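What follows is a set of structures to go through.
You will see chain A twice below: alongside chain B first, and alongside chain C after that.
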Partner chain A sequence: MSETTNTAASPSDHIENQELPDSGYLLLAIETSCDETSVAVVRNGREVLSNIISSQIDTHRQFGGVVPEIASRKHVESMTLIIEEALREAQVELPDIDGIAVTQGPGLIGALLVGVVAAKSLAMALDVPLIGTHHIAGHIYANHLVGDILYPAIALVVSGGHTEIVLLESEGKFRMIGRTRDDAVGEAYDKVARALRFPYPGGPYVDRLAQEATEEVVLPRSWLEPDSYDFSFSGLKSAVLAEINRSRMKGETPEFSALARGFQQSVIDVVTGKAIKAAKEFGARQMLLCGGVAANKGLRTKLTELCAEVGLPLLIPPNKLCTDNAAMIAAAADMKWRRKQFSSLDLKAEAVMSLEEWSV
Partner chain B sequence: MSTQDRTGNSESNPNVTILAFDTSTAAFAAAIVRDGVRLDATISFTERNHSVKLLSEIKELLGRNGLQGKDLDAIAVGQGPGSYTGVRIAVTAAKTLAWTWGKPLIGVSSLEALALGAWSELRENGTDVAELGERAWIVPLMDARRGQVYTSRYLVDRTGSWERADGDGIRLIEDWSKQLGHQAASADGKGSPSVWFVGEIGATQQTAIEQAQLETDVRLRTLACEMSAVAVGQLAGIRYRQGERDDVHGFVPNYTQLAEAEAKLLAVSRGE
Partner chain C sequence: MMQGKQTDGDSTIYVRVAGTVEDTVAFAEELARLAGPGSVLALDGDLGAGKTRFAQAFAAAIGVKGIVNSPTYTIIKEYEGDKLPFYHMDVYRLSLEEADELGLDEYFHGQGVTLVEWASLIEPILPPERLHIRLETTGAESRRIYCRPVGSEYAGWCERLKLDKSDGEGESTT
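Let's look at the complex of A and B:
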C-alpha cells in the first residue's frame, strides 16, 4: 500500500491529458536519500545529459558516519544550486523539462523529505507530472543507462544500506529473492575498516588492502539455510574483530592485510555464489550488479569470472552510476513515465518502502 | 513608524501580492497577502508531516484566487526557529518555488510572525493589549522540549509601533518567564509594561508562567494561538517594500542551535 501504487491507479487530471512529446522527453530527477545531493537531466529515459552529485562526505567523515540531521541541513543548502547546475550542464531550460522524478524511499526520512518537497515544488510550479521512485529500483535500472536488459534478470544489489538479490521477471516487475538479515555489505565493510583503523568510509581501503595482500586469514562463510538467498554479515564482522583482539592479547600486531583479504573473500564468495545460484534457479538471461559496493574490484572480478563460466551476460554500471546518483532515479522513473503511472502532489517520503509494491 | 506603514499600505506603489507559508509548528499555515492585507489563508493540522499536503494546499490556495506563479511579487516563508524537519519543509518549498518561478524570496522569523499574529488577534478581539499602561511586551513561545522554548520579545504600544527587543533564541521557560517578570517590574519610564506570552502555551509553559507570576507584581498574561501565515506575509511585505531580498540558493533555516553531533564535536575539540 505504498503511495505510488495508490496514485499510479489514479493519475491526477491535468497530467492524464498530456501527450508524450515525439521529439524526445526530458526527466529531471532528484536523489537525496542519504548524504549525496544529486540532480540529473535524462533524455528519453536513457541518455544522461547531466548527473550532478554533491557529496557531503567531507562533512560526515569527522563524525565517523552519516549524521541524519546534518545530512538534511546540507541538502537544503545545496538543493536549488544543484538543480541549476544540472540544467546548465544539460544545456536545457526549465520549460524544457517534461517530468520530475524523485527518490521517495527508502532512506533517511529527513534527507528524503528535502528532495521530495523540492521535486513536488518543481512539479507544481512547472505543471508537469511527478514520479516518486524507489531507490533500489534506481540502483538496478542504472544498468539500463549502460545497456539493454534481458528478462528475466537477476540483480545483485550491494551498497552501504542494502544487500539484496532481486528477480526481474519482466521490465519493472520486482521480486525480492533474498536480503540481509543484519548488516548490509557496505556497512560490514565500514565496520571492519574502522577496526583496521581506516577513516570513514573505509570500504575502498579494505578492498585495496585485500587486493594487495599476499596472505589470507580464512574466515567462515555464512551460507545460512541451504535454500535461502538471504545474507548475514554480522558474524563475519565479529570474526574479524575477534581475530584482531586475539592478536593484541598475544602482544602481536594483527595481520591487517591478511584479515582484509579473508573478510573480502568470504563476502564475495557468498554474495556471488548466491547470485549465480538464483540466476540458475530462475532461468535468468542476465545478471545485473549494482549499488555503491559494485565499485569493489574484488567483487567485480569474481562475479565476471563466475558469469563467464556459466555463460551469463553481466552488466555493471560505471562507478559514478553505482554510488547514489539521480540519473539512476530517472532511469527507473522512466518505466513509469512511459506507462503514465504518475504520483500525486501528495506523495509521501517513506523511510521504509517495498520494492515489489513499486513494480510497474 | 505606524502599523499601517509597516504592513505595506502605501498609495504610491502598485499592488504587492505575496504567497506566504510556514511549517515551523504543528500547523501548516499559508496565505496570500496583498499590500499587507489578507486576501486568503488556510491552516491545517491534519498531518504532522507537512510535506504531504503542502504543495497541493498551495496549489489550491492559488487556484481558488485565480492566481498563478507569475502573478506573485514574492514568496515569503517562516525561516524558523521551530521543528527542524518542519522548518526545512517550508524553506525547501519556498526556495524551489522562488527559484522556479524566478520570484524574490523573503524569509521572516517564524517567532516574529507568531507574535505579530497574536497581537493582531488581540486587537481584533478588542483587547486593550497595553491595559492601563502605555506599552506591552509580546513574547512568542514555541515548545522546544525539555523545558525549553524558542522565544523572543517585541515591544508594542498604543500608537501601533512594533519593535524587536530580544532576538530569536532557545531558552528555559522557567528562567525566561521569571526574568521577564522581574524585568517588567523594574522597567523605568512610563510604568510597567503588560506582558503577554503568546503562541504554544502548553502545560509546561503555563506552569512556569504561573510560578513566575508569584515573584512579580506585573500581570503575566497568556494567549494560546496558532502560527499566522498572514503575519508572515505582512512582515515580508515590509521587507519587500524596503527592497530587501534573500539569496535563494544561500537561504537556510534559522535552527538557532547546532545539530547535536556538531555540538558534541565542538565540545570535544574544546577539551570539554
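Let's look at the complex of A and C:
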C-alpha cells in the first residue's frame, strides 16, 4: 500500500528546508497497547504537530468501520507507514527527533511489543533517549495538551478497559484511589448495548438512546462501601437484563430507551458522585476527565454541572485526544523528559504495570 | 471412525446445580484445586450469567491477590497467583481469524491456567484437551453449571468433582 517502506526519511518531500525554531525539542511517541497503532510528533511536550491513528487511516479502505488491530501482525504492518505519516504531517525528519516515547504498558502484550521494539530501534538508531510510558498516565496527561493542570488534581479515567479515580498530588505523582472491580464503564455500556440488540461496540448508541428518552426506568446505584472509591457495574448490567426479561415474560416489549436512560443515569450518578467526593476529600484544585468514554454526552454534561456547582475547574480533552492516541503518550513522557528520567534500551513491555510506580 | 470431531471421545455432559452465588463460588474453588500448568477452562454463558464472577472466584482460589476485573476490552489479562499464573481471556469481540492470529497457544500451553470467556466462539482453535463450562441462569442467583470434558484428564476432573451426569439438555453440541 505504501510505495516505499524505507526507514530512512526521504528529504525530497521537503522542498523548503525549514529549520525548526531552536526553542523546541521534539518527542516522537508510539502507542500500540490494544486496537490502535498511533504515532505522534509533539513539540515541547504540549504542541501536537501530528497524531496519526491507524483506524482513521483505515476508514478510506473498504472495511466499513473500525478494524481492530488486535493482532501483532497488524501493528507491524501499520507501524512503518504510520511513523512516516506522522513525520510527514509534522513536517520534520527523523534526525530532527530528540527523544522517543512509547507505551510500555498496561495492555495486550503482543501489541505492546510491536511499539516497544519500534521505539527501541529508533532510539538506538538516532541515539536519542527512550522513555517507556504508562498508558493511563497518557490518558490523564492528554489534559496537559489542552490546558494547564492545577495540583492537587483528581483524574477520572473512563474508557473501554479502565474506570479509575487517580489523585495527582503534584505533577507526575499518581495515587490510584479507586478502580472498577468488574466491568469498566465502556464495557458496561457495550454489554448493555448487546442486551438492547445494538451491534458491538454499542456504547455510543446507548448514550444517544438515553439522550432521546422521555422516560426513565430507575435502576439501582452501586455505591459500594461508604468510604470506597471503587466501582462495580455488573449488578447494574444484571438489573438491565432482569428488566428486559421481566417485560418479555409479561409479553410486553421492553422500553429500550427508558432502560438506556435509567442505566446511563445510574452510571453517571455514581461515577461523577465519587469523583466529586474524591475532589472534596483530597482538596483538589482541578478535575480531569479522560479516556474514550469522556466522549459520552451525558457524562460530560453532568460532570460539568457538578464541577460548576462546587467551583472546581474541569478539563476535558477533545475526543481525538480521549481515545487511544500517541500524542497523549508524548504528553506524559514529557514529565520524565524534563527530569531526564530515561529508560534503558532493555526496556520490556509490561502487560500489567503499576501507575503509582511509574510516578516521576 | 478414525476422524472425529474434537468433541468425540468423551461426550458425557455433567451438571452441578448452584442455588446461590456462594455455591457457584464453591464450585470454582473445587475446580481450582484440580488445576495445574496448562489447564484450560472454556467458559460460556449468556450476558449476566456470572462468567466474570466465576473467574474471580477461581482466580482468588489459586491465590491471585487484588482485583480481577473484566478482560472484555483488553482480551487477555495476566495475573500472578500464589500457586499458578492465571490467564484470563474474553474473546467476545474477536473473530476466529483474529483469535488465531493472537497466538493464544502460548497461553494454553504456558505455565499457568487459562480461563476463556465466550470460548465457544473460538472452539476450533482451543487446545485438544479442555473443560467446557456453561453457566445457565435459572434464577436471580441460581445457576445450572454444565461441564463438558474434552480429553481424559478433564473427564477425570468431572468424576472427582462427583458431578451428576446430565441428560444433555441445555448443553449445545456445537
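Rule of thumb we're sticking to: the second predicted complex is superposed on the first by the 323 of 360 C-alpha atoms of A that agree within 3 Å, B and C clash if a C-alpha of one lies under 4 Å from a C-alpha of the other, contacts with A are read in each partner's own complex, and residues count from 1 in each chain.
Note that a contact is a pair of C-beta atoms (placed from the backbone, for glycine too) under 8 Å apart; a residue touches a chain by one contact, two chains touch by 3 or more.
What you are looking at is a predicted structure, and each value in this text was computed from that prediction instead of being measured.
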item: First, second, both or neither for A:180, with chain B first and chain C second; value: second
item: First, second, both or neither for A:191, with chain B first and chain C second; value: second
item: Contacts of A:160 with chain B and chain C, given as first, second, both or neither; value: second
item: Chain B versus chain C as contact partner of A:352, first or second or both or neither; value: second
item: First, second, both or neither for A:110, with chain B first and chain C second; value: both
item: Touched partner set for A:73, first chain B, second chain C, both or neither; value: both
item: Chain B/chain C common contact set on chain A; value: 70, 72-73, 110
item: Complex interface listing, chain C residues touching chain A; value: 47-48, 52-53, 56, 67, 69-70, 72-79, 92-94, 98, 101-103, 140
item: Contact footprint of chain A on chain B as seen in their complex; value: 49, 51-56, 58-59, 69, 84-85, 88-89, 91-93, 95-97, 99-101, 248-250, 252-253, 255, 259-262, 265
item: Touching residues on chain A, where the partner in the complex is chain B; value: 62-63, 67, 69-70, 72-73, 76-77, 79-81, 83-84, 94, 110, 113-114, 116-118, 120-126, 344-349
item: Chain A residues within the chain C interface of the complex; value: 34, 68, 70-74, 106-110, 159-161, 179-184, 186-187, 190-191, 194-195, 200-201, 230, 234, 237-238, 241-242, 351-352
